[in-house]
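Dumping the structure here so I can ask a few things about it.
Chain nomenclature is as follows: A, B, C and D, assigned in order of appearance, with residue numbering initiated at 1 for each chain independently.
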């Protein structure tokens, strides 16, 4: 396996894939000399290079992880696929839906696996939430409401939407069956050209509504998701070390719908259940899963199509935020 | 003083005004017989009536509180003003901006005081926040972000926006000097015609942005407001009994603005300060303040104009939410 | 019914008993003139007196509530019982075990009901905890650990132990079957003669241990009780408005006890369950219960014996704290 | 430098000392083969041995860290000192006060540095607390109250007191000037011979009192310390990632001490201040500090005497807990 990019996330990719019994990271590529030094210090036997061709064209390499800025994903993944490598791409998948489509087609032609690093799908919390929603415990989903704010690292190449929302979009698309049909985004840039705060509303053809609050200028760190259902409701507080997911036996019961004047809405408030969630590092499970998908031909839950749907939402968000919240159809 | 309406909030109005040394509530009007019984049980000497004219036309009454559903405010307040009474109106002030304007004009012609019950302005938390913002501690305000959600009482006559957002709109207008210029609202009704969840974005001509998350179907109660400034940031958690307001000496410093490629944004993270806030019941202070304004001619901070600006936002929100988040100018 | 004492707690007693359909509070006795005024303002038809004999000897009165400082309980309750009244006594029951015994005997001779106001036994939280422990969900109880601290009102007549610990002692005695056999108390007075901080250890003949941390000089309010069992553990956080009681499916499993050198203790960590607890005001349920006990002859769970066991612990605590934590047998 | 013991804490010792510019860890000693493998995997150039003499007698080694079970500290540290090495010993320092004294004397004779690994003294939180107490912000200290509980690893060789209380004893001795004079401990063992829960009261000749709640069988993790002073009070919640230390401008004011009957105690409740605390890893600062002490001759704050005072408390605790909380003088 070869890894291109050894910045913030690259070390985690190398560490996790390298710890698998049947995988050997042979080369890491990064233009930054300090990155090379950092690799060698920990893995003296991994080769270092600064030219990505040395990875994409290497005969020793079957799988390539692309862990670089999003603007380079398309070119690097294309090279890797053309050279017959399975590809693991950092999120967001690509800079445009068009790029995503091309990569998906290329991978299919070449019969290669393409996986997008939607790490959160492999956390204990999201796996548990998926299980609960799939069982129908919540009933019909009414809303998905996420807040992901903190004093965040300003990115030079993307706005806060492209930085933070891919997490939530990939999770929502995975957990909820409804398909988004439009977005409306209100955002603002206070420091330089890219937005550092954004409020994203997502419309569906169903009863559902979704909303995402992303902010790089919050004094407090919040990672909170509410999923409201007809029967029960769920709160996921990812900051809480012990009680990440809570299911509330709360809701409303409409007693009489004859007319709104004698509408009787009553409240139901029961127990709360805090299921134990898996503690294993998500990326460890995800890297194992990618190798298994390659070996047994399974279509990954986080394949190119999943990646493309996230990019579709991101593209639409950017268009909407530039036009004062204009409704952008998907 | 006379009070029209003795439902959910009326008892608090009666209790607080009646406890003032220089005020005597002489009549309470409510069509519901149980309300009348409830008054008599606690205040055997207060007269009861079911016809509002008995209050608005009474020669014994100088001041009238209108604590009824919003659709009736205009008619009742008009009657009261025409009969020369000072008027205290429950929020939201009126059902339309046009009604609000008419009441304001009538009060001015008659030289009578008109106050809208924006109770929150008299809480210790909001008074402290106002003081901090006015001193300039936060610097230029970047955003105002409020979440007000819980398993709420469904209202028959209004949606969640008209029920919950008046609190936040009145607070924001009071605390922040910037003037809203447009709104975009995404909402949904899951139970009956009125929206029970809404995400409200407010645009300004300045650097500021505001957002309000209101929801009657949340399993958890959240009352959280973040105010992000250039210099410092403030978090108001109204659920927290002891530490409602926190000021964070956190922010960013832009070291180099020559180009975005050598932009250096660094983070500042210092102490947190939790000021003590006044514990007195807000309505007690507000009722005292209304009487003082009448006596000494002061223009109330929550006068008809303040009430009208809130209604202006509410009207625009309703228009936007019906049109899938269309940008509605104010 | 007559009520003697209308200070901090008296108004709650009057309000709750008076709201019962089959009870009428006819007289309230308090030496303080302001208390009399306060009663009249709310209950114009309740008689006021300053001499307790007017209550204890009144032919119109069947039941007397004694809501005065503990030093006066014995005399007042004795008078009430001698005059054939059922008696509801504020906690702590009496100043000494000897007094408690005499009152119990007198009540039995006269066939009158004696109830001690251990209000907490009627809270939703304690009722739920009792139910859970009785079902055996926790298994054998290992420890009962309570922290009850805040910036508290200094009492002139008693120390922090007599002020705060009666709550916890009455709850522990009710919930747990094991009988305390000795106490050891470490305390200190920083302001005047009575201790304002105390750490109370309680010994049992079983595997159980109990501890109570009471403090009038804490900057934060904590009301936290941990009950550790062989099978499960329970945390009761009485400050938390929504999730007061949590049951943790956590514990240890001893795999091998052959010798300590190959002892294998493993940890079990499962779901957490937050049962819904009753929200009704405890004193409302308690007052109803007292009247029912009188009517149907039921022995109250908080009868004189329950009150005496609390006083027995308090007496022992005072002896221990004066002797630097000396072990005092019960 | 040589390190003896590579179990739970050893890897942190090796990592931190090895990262110093002027220190080189040359040998690690552990009887466990897996430990040796673990060292080699990360540090291929560090020598491995299983016989401690290879470390204590090595001419290449100037400093030795003893990171083994407490029962072996005395022998290993003695060997190291006799061979002229500076010694860094894991806490608790020794199994008895007598051993501690002997090591201190030996180090002084040989003019060698002896440091006990009271890591917590080098955390940002404790450094800030020390600074605040030293400045006199809290006024006279009234109490020191610590809770350190969680579902803990049962130790085969020591009880919960020796496992958890050394942290708190070393912190209290460092922060507070008052000298403990006696202890009283109530504890219980539920699983095997060693106590898994203990309540430790510490007496002083001054107004101060201290208490430590340590428990291996708690379902929730609590790391909470309250320091109550005459002027202000401090709460240290080590679980809180962002607001570890809070200073409360709360307290009481005694207005009148003429007699307890007209004693007027009033409450003062002001702002709360949350100082920013240093985030650097404590062990990194401590290892740097040890080398600096060796180089410039400074007496470490955590020298043998500091270690001995902690052992003195632990010894007394063990005696007290075996005798049902008997007061044990120090």
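The rule is simple: a residue touches a chain if its C-beta (ideal position, glycine included) is under 8 Å from a C-beta of that chain, and two chains touch if they have at least 3 such contacts.
Only a predicted model underlies this, so the values are computations on that prediction, with no experimental measurement involved.
S.K.: Determine, using the mean of C-alpha atoms as each chain's centre, which chain is farthest from subunit A.
M.R.: Checked the centroid distances; the maximum from subunit A is C.
S.K.: Determine, among A-D, A-B or B-C, the equivalent of interface C-D; equivalence here requires over half of the contact pairs to be the same by residue number.
M.R.: Matching pair: A-B.
S.K.: Once you find the CA centre of subunit A and the CA centre of subunit B, what distance in Å lies between them?
M.R.: 39
S.K.: In whole angstrom, what separates the CA-based centres of subunit A and subunit C?
M.R.: 53
S.K.: Could you pull out the residues of subunit C that touch at least 2 other chains?
M.R.: Correct list: 220, 269.
S.K.: Which residues of subunit C touch subunit D once you look at their complex with the stated criterion?
M.R.: Residue positions touching the partner: 142-143, 145, 147, 149, 151, 154, 156, 182, 184, 186-188, 190-193, 197, 199, 201, 203, 207-209, 211, 213, 215, 217-220, 226, 228, 230, 233-235, 248, 250-252, 254, 257, 260-261, 263, 265, 267, 269, 324-327.
S.K.: Touching subunit C in the complex: which residues of subunit B?
M.R.: Touching subunit C: residues 42, 44, 220-221, 242 of subunit B.
S.K.: Inside the complex, what are the residues of subunit D that reach subunit B?
M.R.: 243, 246, 249, 269-276
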